[in-house]
Each structure stands twice: as C-alpha cells, then as structure tokens.
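There's a structure below that I have some questions on.
Lettered A, B and C in written order, each chain numbered from 1.
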Amino acid sequence: MNKIIAVAGVVIKELYRRKDFYVLFVLTALLTVAAGAVNFFHDEKIVRYVKDICLLLIWVSALVIAIVTTARQIPAEREARTIFPLLAKPVSRAQVIAGKFLGCWLATGVALVVFYFFFAIITGSREQIWPVGMYLQAMWLQWAMLAIVIAMVLLGSIYFAAPSSTSTISFIVVVGILGIGSHLKTIALQQAEPMQFILTVIYFVMPHLEWFDLRDFVVYDQTLVSWMALALATGYAVVWTGFFLFLAWLGFSRKNLTT
Amino acid sequence: MSVILKTDKLRVEFTSREFRQATKTALVSLDLEVNAGEVFGFLGPNGAGKTTTMNVLLGFLPPTSGAAYLFGIDVRQPIARQRIGYLPEMTYYYKFLTADELLRFYAKIFGLSRADTDKRIPELLKLVELEHAARRPIKSYSKGMQQRVGLAQALINNPDLLVLDEPTSGLDPLGRMKVREIIERLKNEGKTVFFSSHELGEVETVCDRVAIIHQGELKAVGSVEDISAGHANLEQAFLKIVGVQSQPLP
Amino acid sequence: MKISPLLVLTALLALAFALATGLASRAEGWSARTKSDNVFGMMFGDGRKLFANHFFTMADVYFHSGYYPSVFDKHAEEQKEIISASHGKKETEEDEKNEDFLGKPKDWIDAFGRHFRITQHTHLESHNEREILPWLRLAADLDPQKIETYTVGAFFLREHLGRTQEAEAFLREGLRNNPDSCEILFELGRLYRDGLHDTTRARNVWELGVRKYLLRSPEQQKEDSMILDELAVNLARLEEDAGNYGQAINWFHLAQKVSPNPGALQKQIDDLQKKLDAGIPVVPQKLF
C-alpha cells in the first residue's frame, strides 16, 4: 500500500504544481460571482440560478481536472521515459495503475472540497441556510462518479498513446452518458430494429453516471437522498471502478516497454 | 561464489505489425551469469541485443522463452528488483519534483523507513554534490546535475547490484570520473555492477569480466585479460569477435 | 537585398489599415449582427433565439422545481397521444395535469435511478416564484420579440410577487420592442385593472389592443383570435362593472365572433339585455 500511496503522492504534487486547478477554480469563482452580481428586477433574494450556474461550472471543472489529469498519466510517463526508473524498482504494474488512480482520485477530491466550500459560502451568504447534508451527499456522489471516470480514462490511456485522444473520447462518452443515459431506454423504444436492440444492450451494460448527479436536488432544495440508495450507488461505483482498473491493469501488464 | 544475475536460454522475438507479422529475433538463447562482487561489462555493437537483455532483466519486457533471475528470483517478480539500482542511459525523472522529493519517492517505493531515508538522502546528495540544489525542481537543473540525480536515485536503496545502461555516454569528463569513482567504490564495498557500454577503454579499466554479444548471441565471456589475449587491446579483440577488421585510414 | 523586419511589419500594418478603411463601410451591410443594439445580438446573431427558447423553458423547469419532462419524454408522450387519439380516446385537461410523465419504472435501472432525480410534481409558491425571473430576463434580452416572455414575467411579478411596478416596466419594455402586440396590451390592461385598480387606463390599453388586432391581416386575425376574445370579454366585464351595459353587450357581440363558446356569451348578453331593458334601451354604438 505504501508504494501505491507513494505513486499517488507524485500525481497529486504534479497536479497542484501544474496550476490547471487554480485556473479552473478562479474561472468558476469569477463566473459565479459575476452571475450572482446581476440584478434581476431589483430582487436580491433570487439564488437558484446562481446555484445552478456554480454547480454546472463545478461539474465541468471537476470533469476537466479528472479527465485531463488522468489521460496524461501513463502516456506522459512513457513519453518522458520516467516509467523506466520507476518500473526498475520493486513495484508492480498493478501498483503503478492503482497509485495513478488513487492520486488522480484524491486530487479531484481535494479540488471538489474546495469547489463545494466556495459554493456553500456563496449560496449560504445569499440564502442564509446551510444544507450541509445535501452538499455532502452531492459531493460524495460526484466524487464516486469521478472514480469511475478516472478508472475509465486510465484504461483509455493504456491504449491511446496521445492524451488528447483519450481526453476527447472520454469527454464524449461521459457527457453522452450524463446527457442521455437515463433516457436511452426511452430512445431505444422509439427506434426500429436492430437499433432498438443495440441501444437497449448499451443501456443495460453502460455505467449509469447520471445517477451520481444530485445538482437538481441541491438547486431545488429537495430532501436528502435515502442513505441506502447512496450506499448502493457507492457500491455500484466501486464495482465499475474495479472493472475498469482491472482492464487497465491487464492492458498495462501486457504492454512491452522498451528503452 | 554466488550468482547474482543469471539468464537461462533467454530468447526474445519481436513481431512486426508493419511487415506482415514478420518476426525478428533479438536474443537467440542467452546464457549469462554474473557473480557477486564483480564488475561485469556487457558489450556489443548497436542492435546486438544489449538493450533487450537489460529490458528483460528490469522487467520491462517479458522473454519469449527462457528465464532471467536476479538474486535467484525470476525477474517477472517485482521483488527481484528490491536489491538493485538502475541508472538509465538518459535522465528520465519527474522534472516537477525536487531532488529531495524524488529521492524520498523512490525510498518509499523501496520501503525504506523514514529514519533511514532521512539519513540516506543527505549522504547521497553529498556524494553527487547536489546538497545546494536539493530543494530546487529538477527542471531547473543543468544536464550534468540531472545525471547526478540519476546516480543518486540508483543508489537510494544501497543496492547489492547496480545495473548501468551506457552510464558514461553523454557525460562530461567530470561526470565520467564520478561514475568511475562510484563503480570503484561499490566494487570495494563488495557490490556487483553490471553495465552495458560502447566505451571499450573504460570497460577495460574497471571491469573484472566482460561478455560480448552480437546478433542476439553470446560470442565471448571471460576476464578482460582472457578476451584480450592475442590482441593489442580489448577493442581489437571486440572487433575480431563481432567480425569487423579495423582498416587503416586511406 | 536585406529587408528590415521592422519595415515589413510597418508595411503590413499600413496595408491592413488601408484595407480596413475601404472595407468598414461595406462590412456594415454584410450582417445585421453588427447593427444589433444588444450584446447578445452581436454575439449570436439570430441564433440567440434558440437560447431564448431554452431559457424560457428553464423558467418553466424552475417553476416545476425540476420535475420536467425531457425532450425524449415529450416525444414518447406525443407518440402515446397519437395512439390514444387514433383509438378515439380524448384526455381532458385535468387528466393531463394529473398525468405522471415518468410513468411506472421501465426496469430496475430506471427504478433505482429515480432515487437520484426529482419525482414529485410541485410548483413554486410563497414568493419562491422569483426564482424563474432570471431566466425570463435572459430570454427577453436574447429575443426581445418573444412576447410570452413579457406576459409571463409580468404575470408572476404582479400576481405572485406583488411587484406591480416592475411588472409594468417589463411590459412597457416589451411594448417598446413589440409595439403592435395585443397580448402585451392585454396583460398591461390586467395590471392596471387588478394591480393598480385604474379601470380607465385598463380600458384604454385594451381598446388599443382591439384596434391593433383589427389592423392585422385576416389570416393573422384568424390565427390570433383568442386574444380578441380575451380583450373583448374583459372590456365587456369592465363596462358591465361600470354600468355601461350597452357597451358591454357590444363587446360581447365582438367576442362572440371569435369565441369557441358563443352560447355562453349569448347567455351573458341576454342577462345584460334584461338589466338594460329594465332601464335605458339598447342603442347600438360604434365601438371606436
């Protein structure tokens, strides 16, 4: 485990030294504050649109951080050839994959905590209410979803040498699932065969990332999601993450690396 | 005398995707043994199979058949690399880390305790004369400094076997001298050094034994004196073994 | 020959400036975008109307606290309606209101997924209706010709938030952007009657609305007949309340021409006629 944590530590150091996170945070903060400063019909109690915009920016930023950081991990190690001194040490490829995953996941987790803290301050200052439980649920589920995304991107980065290809494909897949994941069955039923069959199969076998999006609950002040559902969703994320990491390890362990 | 590094009928084939799955044999059937405490030079012309052998020994590449062992452990097991240090030909380190952070990272990978790490890092930084730059990011280092960081990381675990891939290529005279000093020092400490090189003069100076590989096959193995016997020097012997006659310039 | 880089750069800048002076006057005619008086118009051109529609829908989504059918749900609903219509079933408005667009879960994935989406049909209340206003403001900025934006916004401002002044300003803005809109005049009349209790101004703007309607082409009049119905019926009620029964009957007669239920209006005309018969005889008057 120490070796995995050591590899993860390097990933985290890289992230906060590359400054991507700071740029995204400043952008999110600026846009949120700008949106919050707009005066609509002289009513200062309007708040939901600010929450909506801020949460959208948080989701986009977190996805960018998670996907872009993860996509470059293995290709950058190979391109800069840092993988060779690393693998020449008593570390297995499975530990490298696990370390890379853990580093990216923890790094996005830290970013999420900062983003949600900012969100809570901004909305709390306008509404004077602090639904901490809801924020924690929303943040936890988003982080759990990012675990699946990071594992998926890590898998992609084993097969696509260019981080830009992995990032682009991952963005399309993730945004596609978030956008139409829950409607795919409805769409399938409106299609003719064989498209209906294909879409139905995709609906049943894809990871349902849309479950992890509680933005509407936060924006519309809904009651908390049941803890049992939350636990099941977390379990679902663990299973999918494990599945993608296992595939990534299989691919990476079979890769011939030559100096 | 115990065998530290061993290859047993090692064969590596590469299948080319471009040329209708044509197969190229990089190593034919390599049998090699390196004993504890010796400095072993691994020689061969370009494309002879030196790098492929190194790649197998370090676990980067699986052999097509045969096996390789470090300290009696199959190289496919990560634990086989617990007691080795590896210095690659070029500097391949995380440039956003400082030398101190890089050494701490590798120390963690080797499972060194915090106390041992705290003791070991200043020693190594002193050895490679980088104490003054320990907390600067590696990207701000000169090429020579980066190579010295490489040397320090190769020694972080106080290895019993040091694997050096073309250790002096691209080094300035001072750097070469430093590497030679370190090899001598390790030899005096009873450690084993295995290195590949083109620099035959250097090999002649520091090696106890050498192996010459050509077209994936082991052509000769023995002490420098044995191989050089009957030739003006090791270079002449090497050229004869690999089938090239030196020609006087017109 | 050696050419100084500075000379090349200066020559290129001079050439760019010369071309710009020649092109500036021509470029104005290339796109209506540059003439737009607001920043959205300049940025998006006519494409801004798409965003305006989206933001208008967002206001509706907010009003329903996120319980809202997606485009896919809507499409599926349309398909269902076509099928039920072909089987001779006709749903009432009440049925539609009670209908749950989500329906029963299609499978376990759908069932579990409902833990993480809003499944209760609620409407904003207790002054939380204010939350829809930013989207309506944005929709109006993006498409100043979208009349519903002004009427809906003004309705919520006046009826739910009691902010008559802002509602009037919003409607006035809408009227400036759409001077021939009967719909905005109708809403403005309601604001005067119900919000400011100023029946004279209400009558004036409604009568102006009717005049604007009558200036429309016959095809347009047919298409927008509902607004004439609303204007005429409200004017009739206004006159009835003021005791001008004859005038009220005339407005009801006008409404009858376009009303989907002229029989109900006839009953009201008859009632007014009785009141009138008890007093002053009916004198057919010109409306304007």
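Methods note: a residue touches a chain if its C-beta (ideal position, glycine included) is under 8 Å from a C-beta of that chain, and two chains touch if they have at least 3 such contacts.
Nothing here was measured: the structure is a model prediction, and the numbers come from that model.
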In terms of mean CA position, the chain most removed from chain C is B
Name the most central chain, where centre means the mean of Cα atoms. A
Whole-angstrom distance, CA centroid of chain A to CA centroid of chain B, is 41
Inter-centroid spacing, chain C versus chain B (mean Cα positions, whole Å): 78
For the complex, give me every residue of chain A touching chain C. 38, 40-43, 45-49, 141, 180, 182-183, 185-187, 189-190, 203-204, 208, 210-214, 216-217, 219-220, 222, 225-226, 229, 232-233
Chain A residues within the chain B interface of the complex: 2-3, 5-7, 9-10, 13-14, 17-18, 80-92, 95, 256-259
Interface residues, chain C side, partner chain A - complex: 62, 65-66, 70, 72-73, 75-76, 79, 106-107, 109-110, 112-113, 115-118, 130-131, 133-135, 137, 157, 161, 163, 166, 170
Mind pulling up the chain B residues that touch chain A in the complex? 51-52, 54-55, 58-62, 78-82, 84, 86, 88-90, 92-97, 101, 105-106, 108-111, 150, 153, 163, 165
